[in-house]
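Working notes, beginning with the structure itself.
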Amino acid sequence: MKKLSEEIAHYLQRLFPLNRSLTGEGNRETLRIISEIAPVRLFEYPSGSRIYDWMIPDEWHVREAWIKDSSGRILVDFLRNNLHLMGYSVPVRRTMSFAELRPHLHVHPFLKDAIPYHTSYFKKQWGFCLSTEQLESLFSPEGIYEVCVDSELKPGSLTVGEILLPGTSQKEYLVSTYICHPSLANDNLSGILLTALLAREWATRKRNFGYRFIFVPETLGALAYCANNEAAVKDLMGALVVTGVGGPGSFSYKQSFQKEHFLNGMVEDTLNELHRAFLTYPFDIHGSDERQYSSPGFRINTVTISRDRYYEYPEYHSSLDNLEFVRPEYLLSCYEAYLRLLEKMDQNLVFIRTEPHGEPRLGARGLYPETGGGSGPNGMERVSWT
Amino acid sequence: MKKLSEEIAHYLQRLFPLNRSLTGEGNRETLRIISEIAPVRLFEYPSGSRIYDWMIPDEWHVREAWIKDSSGRILVDFLRNNLHLMGYSVPVRRTMSFAELRPHLHVHPFLKDAIPYHTSYFKKQWGFCLSTEQLESLFSPEGIYEVCVDSELKPGSLTVGEILLPGTSQKEYLVSTYICHPSLANDNLSGILLTALLAREWATRKRNFGYRFIFVPETLGALAYCANNEAAVKDLMGALVVTGVGGPGSFSYKQSFQKEHFLNGMVEDTLNELHRAFLTYPFDIHGSDERQYSSPGFRINTVTISRDRYYEYPEYHSSLDNLEFVRPEYLLSCYEAYLRLLEKMDQNLVFIRTEPHGEPRLGARGLYPETGGGSGPNGMERVSWT
Amino acid sequence: MKKLSEEIAHYLQRLFPLNRSLTGEGNRETLRIISEIAPVRLFEYPSGSRIYDWMIPDEWHVREAWIKDSSGRILVDFLRNNLHLMGYSVPVRRTMSFAELRPHLHVHPFLKDAIPYHTSYFKKQWGFCLSTEQLESLFSPEGIYEVCVDSELKPGSLTVGEILLPGTSQKEYLVSTYICHPSLANDNLSGILLTALLAREWATRKRNFGYRFIFVPETLGALAYCANNEAAVKDLMGALVVTGVGGPGSFSYKQSFQKEHFLNGMVEDTLNELHRAFLTYPFDIHGSDERQYSSPGFRINTVTISRDRYYEYPEYHSSLDNLEFVRPEYLLSCYEAYLRLLEKMDQNLVFIRTEPHGEPRLGARGLYPETGGGSGPNGMERVSWT
């Protein structure tokens, strides 16, 4: 486990700074690095493709983005933290007053020292995210600022990664994680890394069922994968969405939409066996890609085991969700739970009797005491020999 | 509401004295007067028609009916109160002793000053109903009495009234009330009048569903209507039976045979929203025409909102169920409840997604924040701006 | 009841000593004697017949079986108690040391003075059962013993008894008891006798349904009967397995596999009406022939009323389950319960309306007051006559 822990630390360091988004090179680079752990096959779905009710937008690239004051000093710089630039910001290069700039500056609602995370995938606008401390110390109402967003939005594609592990049976499970968040460690670099490690280990196991491990931009990427694998997705036995698995919080799990589904029981057994106290969140329509997999067209029961879950920890969607918050040992504890859950899922076999009339003859298979009678239900079991 | 209240008072006065029964001119005249409120279409089902397990009997007419003492003084007179004559009495004109007359005289079991209400639709007999006070003060065991029932039973028809209000959808609801009781104000002149007022108001509304308002003699009239509209009745979404809506008692409702049917919930919501305390009667096989609509051949869930419900108020089926007992303001309170219930019933729409795969794209319909990320489940919702 | 009690005592005495087993003359003789009570039809299913997953073995006969010490004294003798010989023991005639003999001697695990009951239907071996007291006082480690099992295993047949009582309806119930235990009084001579008495009484009753009373060797006999009456068994409305009905213990019943099945409610009503406190055992897969009738190929809900139930009383499967333990009055108390249960089962009639639309016209069948109205739900019912 020491080695695994070091490996996790190594990949967290390399993957954290990449500028992941709905599309773009940051996503491809992430999947390339992940492929060192377990080989990921990449699929590209072109901009403009219609995905059910949705459409894949142009691909986004950023070269640089900053704000300078009138003295030429850089106040906010995308190259220092990619959270500083609102995701999918359109290009701008102009000098402007603070009054004009202010509506484009976003701060965190309650954390003074955190850069918030914002995107604008579908409305063409630009914006910078910064801490309240930065806003208050670096800017003045009378200032004049030079703003540069050297970005590009042009036809390209949305990238999805897949690891397919076939089983003896044609039936399959899905393990899904999302790759669209930039420098946020728990949400969801932790999920990406855990899913890759899980796929590598699971590839070495003898499997009853098939498994699809996928790395998708949330919502649209999940739907693009579904649309391009529709029959397989509709036939899934169940799904896992891996997210929020790197922080120090208590274990929790989100139930699938059918409370009585076997996956929920298996998660509970798993966490109980590991002596993990846990919170149970009933299914609701907010959350991650279980929103898509559970929709009426698919109806795949989907569960999530997390430690610090989206929405619920203060550092969520801010620059404080970083490599100080996430630690390898936390991620390992969730890895252990997911692995045990997969083991249970793979044993979910149902056998049907070929001869349904009466009891099978256990004795003929050496499964019954040779001497009958005695004082217990199974022949000799209560009998001792003097 | 003042005007509506006066209108109710007016129609109660005009309709109360009519000699309604299973068949006959009293029923037709009632429906003609009701047509001044909302145009009712009349249907005549001929005597002798087989209606499922039943048969429409001859039509009944009464010219006069009285008992005179030996001095020629009229002791009991149908023209003063049509309850004095047992419904469907066959003709008789004869002088007889008290001993012979007595078995034909019916009094109320516990109200000394009330004329009871009795009928004999299927057994050919005659009878007079009178108060215990009348019986004790006007008759003597030694008296000789002249008895006249100038009635006629001959082939004719059973009359049913209908108001059809189509909706956008082909699906329909039924609103049913019964017209077979003579001078009884709460049971069920109140129901007849409320139903007519409801139909008039409802005709002015934009409707999602179609509505059948029907005015039928109880049991046989309801079944005759069902038999002549069988496909439509079997396809109903639900039904209301309007009865006991003019007295001072507390609100109550009778549930449909499926406790979980949406109509029951809608009635409860209606009465709660109107701040009406109410009793809940579970479905049982006694009652009014829900007995027919709920029968295995139709299985239409049917509810009733009442104030003084049949069986439960002392004046029930007696001459004390009169225009002193029923008042316009009570009837209006029930009208208000039925109208609100209809409004709920008409909103009982179920929409089915045309694109069932994944979430609909709310942003494309202006239903989602333009800027994503942030710290709450719906994008920006937990974000404030400094 | 005095007479019935004496009759029970008589048959217990005659039937107790017979050497019943999976097959053989003891079973046939038992059924011949039982036929004095109610005529039983015997069916023979030949050795070697395949019965679903099972096979009917050779028939077993015993002439004599004993162990003598070197002085020629008989220490253990089958003729004194057939429990002394392990059921289906193969022949042996040899002198041997105690060391060689010991593995063939079986004692009870906790009752020192009881002979245990053992069988070896499918493994070819021989054995003697004796009390710990006998073992300790009669045998010595240095002794030399002459052993004789004069038995024979040869092709024959398995015997099943049936009493068919037809009913008005084609639908049937099953009453099943097992005949394969030798001198054990409660388990299950009591069941055999009760079943015969029940069949005799039930034959005198007017029956709505048909009844199959069967006397079968447990497990294989039950399955052989099922296989030879498969369509009828699959169509059964329910079944009773009669066992453990002769001892002093409290009443109990074992539920059928569907908790909500009407048989369970009927048993509870029966025992409550008889003011019998009782234990309820949920269905489980151990037990008697409900194991076969409840199996997926048949799925017949089966209940058992017992007093001292298999496994649960110390004397179970030992020589102490004898005629001191079982008494006619106990057996009679169970007989009373089973009889009442049959009465309830026979009233389990479901009528379907031929005319499902609306209410049936009760008046036309003389089932409704001739005069309607009045103040109660059924016409005149609240009306009195002065």
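Per-chain residue numbering starts at 1, and chain names A, B and C are given in the order in which the chains are listed.
The criterion applied here is as follows: contacts are C-beta pairs under 8 Å (C-beta built on N, C-alpha and C of every residue); 3 or more make two chains touch, one makes a residue touch a chain.
Model, not experiment: these values are computed from the prediction.
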{"item": "Interface residue identity across copies chain A, chain C - same or different by half", "value": "different"}
{"item": "Degree value of the rotation bringing chain B onto chain C, based on Cα positions, nearest 5", "value": "120"}
{"item": "Computed distance of Cα centres, chain C from chain A, in Å", "value": "61"}
{"item": "Contacts with 2+ other chains: residues of chain C", "value": "none"}
{"item": "Chain A-facing residues of chain B, complex", "value": "353, 355-361, 363-364, 370-378, 380, 382-386"}
{"item": "Interface residues, chain B side, partner chain C - complex", "value": "51-54, 86-87, 106-109, 116-123, 125, 127, 132, 135, 219, 222-223, 226-227, 230, 286-287, 291-292, 295-298, 311, 316-318"}
